[in-house]
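Read the structure below first, then the notes.
Chain IDs A, B, C and D follow the sequence of writing; residue 1 opens each chain.
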Amino acid sequence: MDVLQAGIGEFSVTDPDDLRAFMRTEKRRAMVDKVMPEAEAVRRYVKDGDYVSFDFSSFTRGPASLVREIIRQRRRDLWFAAKFTLMETTLLAVGGCLRGVDVGFLGLGQLIGKWVQDGRIKVTEWTNGTLTLRHLAGAMGVPFLPTRNLLATDTLTYSGAKVVQDPFTGKPIALVPAVNPDVGLVHVHQCDIYGNARCFGPGVSPLETAMASKRTIISTEEIITTDEIRKEPSKTTIPYYMVDAVVYAPFGCLPGGTQGIYEMDIPHFLEFMGASRDEQKMAAYLDKYVYSVASHE
Amino acid sequence: MSDVEFSESEFMICQCARLIQDGTLVFIGYGMPQIAAILAQRLHAPRMVQVYEFGAVGALPETPFVRFTMGGPRNCYRSLAWTSMNTIFAQAQLGMVDMGVLGATQIDRFGNLNSTMLGADYHRPGKRFPGSGGANEVLTQCWQTVIVIKHERRRFVEKVDFVTSPGYLDGTPGARERAGLPRDTGPWRVATSKALYGFDDQTKQMILLGVLRGLSVDDAIKEMEFTPLIAERVEELSPPTPEELRILREEIDPDRAIIGKTAAD
Amino acid sequence: MDVLQAGIGEFSVTDPDDLRAFMRTEKRRAMVDKVMPEAEAVRRYVKDGDYVSFDFSSFTRGPASLVREIIRQRRRDLWFAAKFTLMETTLLAVGGCLRGVDVGFLGLGQLIGKWVQDGRIKVTEWTNGTLTLRHLAGAMGVPFLPTRNLLATDTLTYSGAKVVQDPFTGKPIALVPAVNPDVGLVHVHQCDIYGNARCFGPGVSPLETAMASKRTIISTEEIITTDEIRKEPSKTTIPYYMVDAVVYAPFGCLPGGTQGIYEMDIPHFLEFMGASRDEQKMAAYLDKYVYSVASHE
Amino acid sequence: MSDVEFSESEFMICQCARLIQDGTLVFIGYGMPQIAAILAQRLHAPRMVQVYEFGAVGALPETPFVRFTMGGPRNCYRSLAWTSMNTIFAQAQLGMVDMGVLGATQIDRFGNLNSTMLGADYHRPGKRFPGSGGANEVLTQCWQTVIVIKHERRRFVEKVDFVTSPGYLDGTPGARERAGLPRDTGPWRVATSKALYGFDDQTKQMILLGVLRGLSVDDAIKEMEFTPLIAERVEELSPPTPEELRILREEIDPDRAIIGKTAAD
């Protein structure tokens, strides 16, 4: 395929055949109980050096308690998909967990920006839409998807996208590579013990994230019976076989909100944003909200 | 031939059902495979998960079985999720679907399938059939594909008139992978009204694995245009058991619309 | 883009920019009452020579009454997306409406097969999955989507797909062109007068079909208020601005079924299948069920 | 300057709201655009349809406005549909979204936007910002894009340090189309705390269309690194009306968290 332009950002491609081989042997088709404490889920499925993806946003239905557990277990060299991780990217950076991020939106606070300036955190440029599209490509088992976004920008230059001539219209078009995270983190409203999960309200890409990821950890507000699931199959967002671990975590999004259950904790965000300008203050913030507690429970 | 009379369809359905393993995700095609899936689920594979191209995941179809419909309420009863076609085929492409079950008009030595047309000239077909439907996707994407086909000479041909769905192509090592097809996939078993075939690991040629009790190897291969490989030990395939027949005839298809009637009826 | 193989089937590409220009001026953003009789909807939006697409199946939630109206109005030279149009393709062919079909699945009965043999009906080969994927491409506003289906088959040779070398993995991959039907027909469970529509149960591609199509006609079992729609936005399958006409058509899928409302009429299908072997019998069938009635009401 | 005191933010929000037309589909970005959309909807554009990258379509946000959240329940209240990001950006790519509203760190003569970094070397940025977010999509796909930006010299630069989102590129005719960007799109208006700009049809250069009542053309252009074209007749922009301010201050943002406080407070 004639490549007109290729971005120079750091990224890795998963060969769809390697992915398939993993999915064949590692994703359990049998319905087995996957409920476990967050500490165990993170210990089992998040390794140093992993690419980690996060569904939705710091403000709404983000898996905040799982991110805190990753920091608590001091994972290192993670690469993080930063879309709406306004808060989490900064926390992971301060926690020393990050090697780099796919941006998206880098996150709130001046600290994270400073660390990118210093080269302490590597960055590859994308956009919210193309990063989400990369998850869709990953979920579809194809190596790329086409888009008209990114074209003619420095964002593309420092991404991993390629520009080719569309063989149907002859016009230039961007191809973004699939991303297949080592671990996807999704917070849901309800699920059963096997991982059949429901998200309500508008969303980013819970299904795409769960399908694209090699390992998917879900945290849930509520555990319901499989009978309930079978009564209203239209409500199922993620089928169980995409899920590796189920963590029972009511209020697991705090300080963000979960639609229909609780709103975000604005004073907490203001406290975070106050701290996020300064390394010492952030360290104190982490001590207070992450290290000093044993778990979300 | 057997103590109980049974129809060719009943034997094909039972063969197919026996090949479905418990705890797997199986892509269920239209008609006979639907019956086979229900049968397997009631016997040895209670935890197999049926997926349909119409998006139903984990359906537990109600019986008696309603003909024709795959997307209707009785077939999609008590599903775990109702999704859509693009989602289901994406999951197959991701490598999540363990097995698929297909019919075909013709099959060749290397498991290439034709369900499109007969004749030498595509533009002037001798006979035209419905085409791929979802068959191409199934044979492309599922880890193992079972082909259910009536045992007739005209169906087992040296070279199919039209490759609707890809088998092992010309049989050369790595032919599927070179074409860009998913690694380690392809036709796995061919279940007929008389016999059961697999494919040789090395040559990718069809190999006779078993014949229905009471039939000889020759009974099977004489009704094929090409001669398949023959397994060192050809298995004897049991006819439908009384329990299989009871479930088929009493629970699933009391009108025998799909399983067919026997001479005894 | 280096094309390794190109199918020779007849198909047309919509340039995404031409499509955008159409969407900009022809799709109304204002919420206006779109309820109209089926005769008016078909008169306004289905023209001779159009490419027509149909959601779901003859057996389940297919827009059967709209297809009968197209036959009644004697449209000519249509090209039809034949996926699960087991019955409708044959009816349209017998009604003299068709120039060709994209297959999918050609349909039931020997007549339609005979006409393809005779060259009376043209055919381009696809598969259920790739024809649905083409609608997704059309709905995404991209000229193509990649897939591993079709590769190494005669189906591809007689399709409009192209095989290229994926620039990320170097492996061959098929690209299927977007389809943007002139008219999309979708039957839904509920909608408001503007076209905000809900489909329940499993499905094929109601949203993709509505988004990809230049004109979308929906027939509905029930018309509900916009207030109802706003109470449960998660249930909305198709937003109103994708819809051009709303036809009130309870039991509009018959002889097919609509999930949760009525099952298919099996004796009717058996009657149809009996007739579908023979031209005279089909003509009589059409007289009885299409021409002799003024409308679905 | 005006009979009622108002903040820079209030004027920017009012400018932006005035540009939103009734009966259009508008892509609403984070922060100030959210407020502008609510304001427009309560005044002259009751039938505009808000869409958000989080998938809400036709939301009627509750007031008082809750800061930060776009996906939360109060902001997505009484939507017509709750979809997802890929669906919403697909609709934008299809050409369904009439207008988008964006902020930026830098803008140049041709409307190219930078929200990524400052400095000559990407790998050693002088200052790093959040990056595109959804800005690239909006400026690529929406038919008309409004940029809301504080009127500061350092923001109006001859050439942006980094093109995060594409304007008219180098300004040559057809530059966007040649690059593969959607036809007839691009930045439409730039609304600042002092002035309003458009882009010249031929040269694609930024053109001053109006200045806030009480300010001169020179007041606007002296705070820009480059000199824009000047419209033949530069409009006088009204300050926020009492009705606009009442809605902003009493209904939408009584805490003035986003609209800001005035000297009088």
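Things worth noting here:
Just so it is clear, a contact is a pair of C-beta atoms (placed from the backbone, for glycine too) under 8 Å apart; a residue touches a chain by one contact, two chains touch by 3 or more.
Quick caveat, the model's predicted, so the values are computed rather than measured.
Two chain pairs, C-D and B-C, are weighed by contacting C-beta pairs, with B-C ahead. Look at where the CA atoms of chain A average out and do the same for chain C: the two points lie 36 Å apart. Taking each chain's centre as the mean of its C-alpha atoms, chain B lies 58 Å from chain D. Centre-to-centre separation of chain C and chain D, using mean CA positions: 39 Å. Chain centres here are Cα averages; for chain B and chain C they lie 28 Å apart. In chain A, 16, 141-142, 147-148, 171, 173, 201-202, 233-234 are the positions where the chain touches two or more neighbouring chains simultaneously.
Chain contacts: chain B has residues 56, 76, 79, 82-83, 93, 182 touching two or more partner chains. Every pair of chains meeting the contact definition is listed here: A-B, A-C, A-D, B-C, C-D.
Those residues of chain A whose C-beta lies close enough to touch chain B in the complex are 16-17, 19-24, 27, 29-31, 139-142, 196, 207, 211, 226, 229-231, 233-234, 236, 239-242.
Contact residues on chain B toward chain A in their complex (touch as defined above): 23-25, 47, 49, 56-58, 60, 76, 78-83, 87, 90-91, 93-96, 98, 143, 177, 182-184.
Chain B meets chain C in the complex at residues 52-56, 66-74, 76, 79, 82-86, 89, 93, 116, 122-137, 140-141, 162-166, 169, 175-176, 178-182. Residues 56-57, 59-61, 103-108, 113-114, 116-117, 119, 123, 125-130, 132-133, 136, 147-155, 158, 163, 171-174, 201-206, 208, 257, 259-260, 263-264, 266, 269 of chain A are the ones touching chain D in the complex.
Those residues of chain C that touch chain A in the complex are listed here as 1-3, 6, 13, 15-16, 141-148, 162, 164-169, 171, 173, 175, 177-178, 200-202, 233-234.
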